[in-house]
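Each remark here refers to the structure printed beneath this line.
Here the chain labels run A, B, C and D in written order, and each chain numbers its own residues starting at 1.
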Amino acid sequence: MFKDPVHHSVYVQDATIWKLINTPEFQRLRRIRQLGTTYLTFHGAEHSRFSHSLGVYEITRKIIDQFERNRYKDWPQEEKLVSLCASLLHDVGHGPFSHAIEHVFQTDHEKWTCDIITGDTSIHRVLREVGEDFPGKVADVIRKTYGKPIVVSLVSSQMDADRMDYLLRDAYFTGVNYGSFDLDRILRVLRPYQGAIVVKESGMHAVEAYLMARYQMYWQVYFHPVTRSSDILLRQIFRRAGELYREGYRFGFLLPPLRQLFEGSLTVEGYLSLDDALVQAAFGQWIHEEDRLLSDLCRRFQNRRLYKYITLESLDETFLDRLRKEWVEIGLHPEYHLEMDTPVDLPYDLYKPGTEPDVKEKPPILLLDEKERVSEISARSEIIRSIAGLHQGKYYIYYPEEELRARASRLKPETRELLNLQ
Amino acid sequence: MFKDPVHHSVYVQDATIWKLINTPEFQRLRRIRQLGTTYLTFHGAEHSRFSHSLGVYEITRKIIDQFERNRYKDWPQEEKLVSLCASLLHDVGHGPFSHAIEHVFQTDHEKWTCDIITGDTSIHRVLREVGEDFPGKVADVIRKTYGKPIVVSLVSSQMDADRMDYLLRDAYFTGVNYGSFDLDRILRVLRPYQGAIVVKESGMHAVEAYLMARYQMYWQVYFHPVTRSSDILLRQIFRRAGELYREGYRFGFLLPPLRQLFEGSLTVEGYLSLDDALVQAAFGQWIHEEDRLLSDLCRRFQNRRLYKYITLESLDETFLDRLRKEWVEIGLHPEYHLEMDTPVDLPYDLYKPGTEPDVKEKPPILLLDEKERVSEISARSEIIRSIAGLHQGKYYIYYPEEELRARASRLKPETRELLNLQ
Amino acid sequence: MFKDPVHHSVYVQDATIWKLINTPEFQRLRRIRQLGTTYLTFHGAEHSRFSHSLGVYEITRKIIDQFERNRYKDWPQEEKLVSLCASLLHDVGHGPFSHAIEHVFQTDHEKWTCDIITGDTSIHRVLREVGEDFPGKVADVIRKTYGKPIVVSLVSSQMDADRMDYLLRDAYFTGVNYGSFDLDRILRVLRPYQGAIVVKESGMHAVEAYLMARYQMYWQVYFHPVTRSSDILLRQIFRRAGELYREGYRFGFLLPPLRQLFEGSLTVEGYLSLDDALVQAAFGQWIHEEDRLLSDLCRRFQNRRLYKYITLESLDETFLDRLRKEWVEIGLHPEYHLEMDTPVDLPYDLYKPGTEPDVKEKPPILLLDEKERVSEISARSEIIRSIAGLHQGKYYIYYPEEELRARASRLKPETRELLNLQ
Amino acid sequence: MFKDPVHHSVYVQDATIWKLINTPEFQRLRRIRQLGTTYLTFHGAEHSRFSHSLGVYEITRKIIDQFERNRYKDWPQEEKLVSLCASLLHDVGHGPFSHAIEHVFQTDHEKWTCDIITGDTSIHRVLREVGEDFPGKVADVIRKTYGKPIVVSLVSSQMDADRMDYLLRDAYFTGVNYGSFDLDRILRVLRPYQGAIVVKESGMHAVEAYLMARYQMYWQVYFHPVTRSSDILLRQIFRRAGELYREGYRFGFLLPPLRQLFEGSLTVEGYLSLDDALVQAAFGQWIHEEDRLLSDLCRRFQNRRLYKYITLESLDETFLDRLRKEWVEIGLHPEYHLEMDTPVDLPYDLYKPGTEPDVKEKPPILLLDEKERVSEISARSEIIRSIAGLHQGKYYIYYPEEELRARASRLKPETRELLNLQ
C-alpha cells in the first residue's frame, strides 16, 4: 500500500505489479517531473511521473474492480493483469522534460516505452515471468494495436485512467481548485459494453463536470503563457547545445547520455540514465560554458529569468519577418530571441468529439441510456457540445525583455510601443 | 501573488520581498526538496524549500497583519519588514539533503544562511537597498540574537511560522491527513504581549490540536523508519565518497563544489551551486565508479533498494559489537552495512516545555488568560502535558538484507532468527 | 463571531448587526429551512435561512472590506452599514416553505421583508437607532429602488452575495460537490466601477467556474424531479386546506395564523408566528381530519410517500385532458392526483444575460479589461455564452402510483403503458 | 443510493433496509434534530437523526464488507442483516430533544426503540418478513443482550459505528474542524477476533487521532456551556408544563401526545407522533399562556434569550443555598431561575478504559499485535492513557441576567460582584 495524496491509498495486490514498481526503470520516474517546467509557474507542481503512474494504475484497478463486482459480461476478466501493467507502465518511456526533447530531437516517448517493455530491462524480465508473449501484449496496449479495444481505451481514450489521474493530480499539486471533479461518481457510472467503455446516462452531469474541469485545467495550467515561456527556454537550450555539438564545439561538461542524445544514437540504457537531475545538473554546469548563448540561456533557466511575452489576436509571417529583421539589426538572434507560440501546437488537447483521426486515436465518450442505446455524449449534452467547440486562438510572442530594453532606442517606434518599452 | 496549494495564495506586497524571491540564491531553493529523502517513503513529498519558504513568509505576513489590524500596542510596527525578510530567507542556507551533509561534513545550514545574507550575493544587495545595517539585522533574527525577541519568536519558537507551515505542507504533500490543524483559528488567537507572542486562552484547544498534529507527524512521517533507512544510505554515500577523496581515490566523475565539500573548503559561491540535481546526478554517475562500496550504495539509492530494519526495545554496545564481529567474519563492512538508529538523535523535536536549553532556543507556548496572566501552556492543559512527556524509545538496526541472506548459513542461529533469515 | 461550516467564521463588527441577529424576527429564521422540502430528496439539506442570512452578510462584509482595503474610489464608504443590514435581512420575510405558500396564497416574501423592516418590530426599532430614515433605506435596497445601484447589486445581481452563499451552502449541505467554486478568488477580482460591481478580466475563468457550478446546482438540486414532487404535495395540502376553509369546513386543528393565511388577513405579527414547525405540526394533526383528501395528502407528506413521475419530451393540453378524463372515470381527482411540471416555471433561474426584464431585475456580470473597458461577460467567454443558451425543456407528470395501480385494469392500455403499470 | 455529505453516498443493497427506511417510524427521524438544542450555539447543527441513522448503517455496512472481502473466519456471516438493521434502527426510539425529556419525565429512548421494533408498527412488520424471531433479535442487539457480542459491539462500543458517524457528522455540520479523523484508515484496520472487534497494531496512531477528535468534540461542542444553557431552558419548560398539568392548570394549547407525556401514559403511537416540530409549535403557542413562568421560558427559547452563566472552580451546597435564599428575597424562583451544571452529569462520555460498568456497557478498544496478542489500547499508547485520565471539573451557574440586573441593588455586594452586575 502506498499513501497517496490524491487517492489516499494505492493498493498493490499482484506480485507482478509490486515487482514492476521496484525495477530501476520504474524508480527512475521518481526523478522525472510530471509537468516539466510547470513548477516555474506553479511552485507546487513538483510531483513526479512516478506518483502519476501509480495513480493511473490505481484508477484502472478501481474501474476493473467495479466491473468485476458488478459481474458485467462485457468485461473480459482475463485481461485484468495486462490492463494493470499497461496502466502502470504507460509513461515509463518519458524522458526528462519530454515534450521539449521530443520537439528538438525528434524522439518519441511512446516508442521508448515499448522499447523498455520489450528490450533487455528489469521490467521486461518481470513481464516475461507472466508469459512469453506478455511483454508484447503490454506493448501492444500502449501502441493501441491490442486486439481488445476495451483494454486500450482504459489507458487511452477521451476519459481514460491516465487523463483522470493527471487532471486531479495536477490540480492538487498546482493548487488550482477548478480542476477537481467527482472521480468516485464517474467510476461508478462506467460500464463495459460491446467492446467499449461507456457511461451510464445517469452519469452525464458528472462527465460534464469532468470536461469542464479539463477545460479549466487546459487554460489555467497547461496553456499558461508563463509555462510556455519556460518551455521555450528549455527547447532553446537543447537546440543550442545540439547545434554546438554538431558544429564540433568542445563542451566543458558533457555526460555520455547527452552526447548520445545529440548524436541521435541513444540506446535504451543511455536513455534510462537521462533524468531531470542529470539535465538540470548539466544546465548548472553549462552556465560556465564559453558559448555566450548557451551560457545565458542556462543561467536564465536556473535563475528563472524567463522571456517576457505579449499577446496578439492575430499574427502573420510578414509581421514576424519584420521583427526578425529588427532583431538582427540590433544584434540579437531571432532564432533564439524571438519565439512565437499558439496553443494549437500543444501536446494537450481539448475534447473534440468529431475530428476523424482523434476518434481513432482517442475513442470519444459514449453514453448508454436505459434502453441500451449508445450515443456520443456531445449529442446529448449542450454544454459538452459547446465546450468541444471552444478555442481561444491567441498568439504569443516571447522575447528577452532586458536585452530589448537596453537596445530600445534603436527599435522602431511601433515595436517599442508593441513591447511597452516606452 | 503565488498560487499555493496550502495557503491558496501567497501575497507579496513589498518590492523588497519580490526582489528577494527573484534572486538566484532564492530560486535555487526550487532545486532542494523540503523533506530530503522522504519522497522515497511518501512519493508525494517532492515539494521544495522554495514553496516552504514562501509559506513561512505568508504565515508571518498574516500574523503581523492581524497584529496591525487589532492595533496591538506590544507589536513594534517598524519591525515588519525585517520579520518578513527573515521568514522568507530563514532556510536559504539549506543545501541538498542538508541533514545528511551536516552530519557527515559538519557544516551548519544556519551559518550558511547568515553567510548568504551578509556575503557578496544578490540577496545581500537587495537587503542593502533597505539600509546599510539591514542585512545584519536579518541575519541577527536568524541567529536569534536580534534585540527584539518577539521578532525572533515569529520565526523560531515552539509555534512559529516555520513549523506551522512545514507541518501543514508536509501533511498536504505526503497525504498524511493527521497533520492538519486549524491555522486560521491559531492565527486569530495570537497576540503580542510584553515582548513575546502569546496565545489567548480561548485558543487553548486549537493549540492542543496543533501539538497533536505535530506529534502525529513526527511519528508517522519524520521518524518513519523507512525514511531513516534512506537517510542512512545517503549519509553512507557521502561518508564513503569523503573517505575515498581523503585517501586520494580518483573519481570518474567529480564536480568542483563536491570537491570543495570533501575538502572542507566550500565558498559561498560553491555552496550555492550545490543542489539536489547536482548531488543526484553525481550519484547516477558514481554507479560507474570502480569502488565497489560507493558504486553499490549509489545504485541502491537510485533504484531505491533500501536497507531493511528490525525494531528492538533496547540495545547495548555488547550486542552491537557481537553483530559487528559477525559482519566482519562473513565479509561485510560493519561501518557501512550495519547502522543503529533511535529517534532521539533526530533533527526534529517534540514539544518539551521544561528542558532548559530548549527554552532559550525555542520559546515555549504561553497562554494569556482574561486577567492578563501568562502561563506556560502545559501548566493549563493536561493533554499537552501528556504529549510533552511522551517518548517512544525504540531502536532500529539497519542492514542490507540480500547480502546477509546470501551469507545466512555462516551467521549464528540467533542472528538468523533476529533477522528473520530462517 | 459565529462558527460557520461554509465560511469557517462569520464576523460581526457592528453593534447594529449584533442587535439585529438577536431580534425575535431574525431568530425565527432558524425555524425556516433554506431549501423547503429539498430535505426529502437530499437528507443533508436541513439548513435554515438563519445560517444562509449570516452567510450573505459575511460575503457582503468581505466584499466591502476588500473595496476599502484597496481604497477604490468608486465605492461609497458611507453605504457600508446599509449594505450589511440589507444583506442580513434580505430573507427575513420568508415564510415556511415560501414558494409553495406564495404560489397558493399569492403572498410575496419581498413585500413581507419590507413590512417587517418598516413595521412595528424589534428589527425596525434597531434600525431606527441608526437614523430616522434608515429602515426606509434598507427596505429600498431590498425593493431595488435605492438611489445607489451599486448597493442594490451587492444583494441582487447575477453574482450577488445572496446567490454566492446559497450555491456554496446548498452544495455543502446536500453533499453535491459540483456546486463548489472558488469564492476567495471571486472576492478578489470584484471591483466597484462607475456605480456597478465589475469583475477584473483576470477573473474570467473563476466566473466561468461559478456559472458552471450554478448550472450544475440547478439541474442536480433545484430542478430535481423528486423535490418537485414534494413541492407539489405541499402546494396541494395548502390548496386543499384553503379550499376547505372557504367551504366552511370545520378543522379539528387550526391555529390563528393559519386561519389568517386562509382568509388572506395575515398581519405582520401573524406572519411572524408562522414557521416550519407550526406548519409541520399542523400537517401532523391534519392526518386525523375527516376530509379524506387532506388527510391523505398530509400522511403522504409526513411519511414521504411522494407522487411518482414520468418524463416526457413534449406535452399538449389535449393529452392532459384525456388523462384528466380517465382520472375522473376511475374515481380520482385530476386537480389533486395529476400534476404537470416543467422547470420553466421555477423560482430559480439560469444565467441569461440578454433578457430585458432580467437586466433590470438582476444586473448581468460585467468584465473590466486592463484598458478599463467594460463588457458583458458572455461577449467574452464562449463557455458562458453556451451555458446561457442551455435549457432542458422536459416535462414531468406526477401522480399517486398506488391509487392508479389499484385501478389499473380500468385504465386504457396506452395509459397503462405510459405509467409502466403492466 | 442516498447522497450524503459525510460519506458521499449511502448504499442500500437489501430490500429489508430499503423498506425500513420507508416506514413512517423511520421517516419521523427526519423531524428530530440529531443534536437537540445545539443549533442555538452552532447554527449549522440542524441535521436530523435520519441522516445520522443512515450514516451508522453505512459505516456498519463498510465494516462488514471489509470483513467479508478479507474472509475473516471470526466474523459470523449470517449476522450481517441483523447487524445492519440494528445499526439503522438503533436511534428510532429517540423523541424530540430526548435528553431533556428523559431527564424530566424519566422515559428511556432505548426502551422506546425496542418497543417500536417489537410493537405493532410498520418497522415490526418489515422485520417479521425476515423471520418470526427477527424483530426480537434486532431488539436484543440494541439491548446489548444478543448472544453474539461481536454484533453488539458494532453498534455499541468505545469505537462503534454510532460514535464514528456522529463525531464526523457533528463536526461537519457544526463546522468544528477538530472533530475529523481518518475513517477510511480505521475501517481498514478493524478485524473480528475471537468474538470481539479489534484494531490491528498498525492502526494505533489512527485510533489516537480518533480519540483526540472525540476529546476535542466533547469540550468544544457537546459540553459547550451555551448549549448547556439552552438545554436547561428546555428542561425547565418541560418541568413547568408538567407541574402545571399536575396542578390542573388549563392549557390554552395542548395536543394529545403532550398530555400523555405529562400523564406518563404515552403509547407507542402517541410517542411516535412527538417530534421537534410538534414540541416547537407548542412552545410557540405557550408564549400566550397565562402562566407567566411558562410563557416567559417559552419566549426565551423561541427568541434565544438564554440564561447567562459564570464558571466556578468549585461549588458547595452552602453557597448554592445562600444564592437560592437571595433569589427568593428579590422575588425570583430559585428552582427555575438558578441552575447548576457540571459536565459530569452529561450523556456523553470520554474514553475511560478502566471503569468497570463501562467495560460491560461499552467494550474498550483492543489492539492486536503481529503475534496475535490482544491488549487494551491505553496500555500501549501513552497519549490515549493521558486522554483517558483527563477531566475538566468546572462548575457552571446559570441565571436570567436581565431579571437579576433589574434587581441588582437588592442583591448582596458579593453576589453582584460574582455576577458582574456592578
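Operating definition for what follows: contacts are C-beta pairs under 8 Å (C-beta built on N, C-alpha and C of every residue); 3 or more make two chains touch, one makes a residue touch a chain.
Quick caveat, the model's predicted, so the values are computed rather than measured.
More inter-chain C-beta contacts link the pair A-B than the other of B-D and A-B.
With every chain reduced to the mean of its CA atoms, the largest distance from chain D is reached by A.
Separation between the centroids of chain A and chain B, computed from CA atoms only, is 32 Å. In this assembly, the C-alpha centroid of chain B lies 45 Å from the C-alpha centroid of chain D. The set of chain C residues that touch two or more partner chains comprises 8.
Residue ranges on chain A touching chain B, taken from their complex, read 2-6, 8, 22-24, 27-28, 30-31, 39-40, 42-44, 46-48, 50-51, 54, 172-176, 255, 273, 275-278, 280-282, 284-285, 302-305. Remark: chain C residues 177-178, 182, 205-206, 208-209, 212, 215-216, 219-220, 382-383, 385-387, 389-390 touch chain A in the complex.
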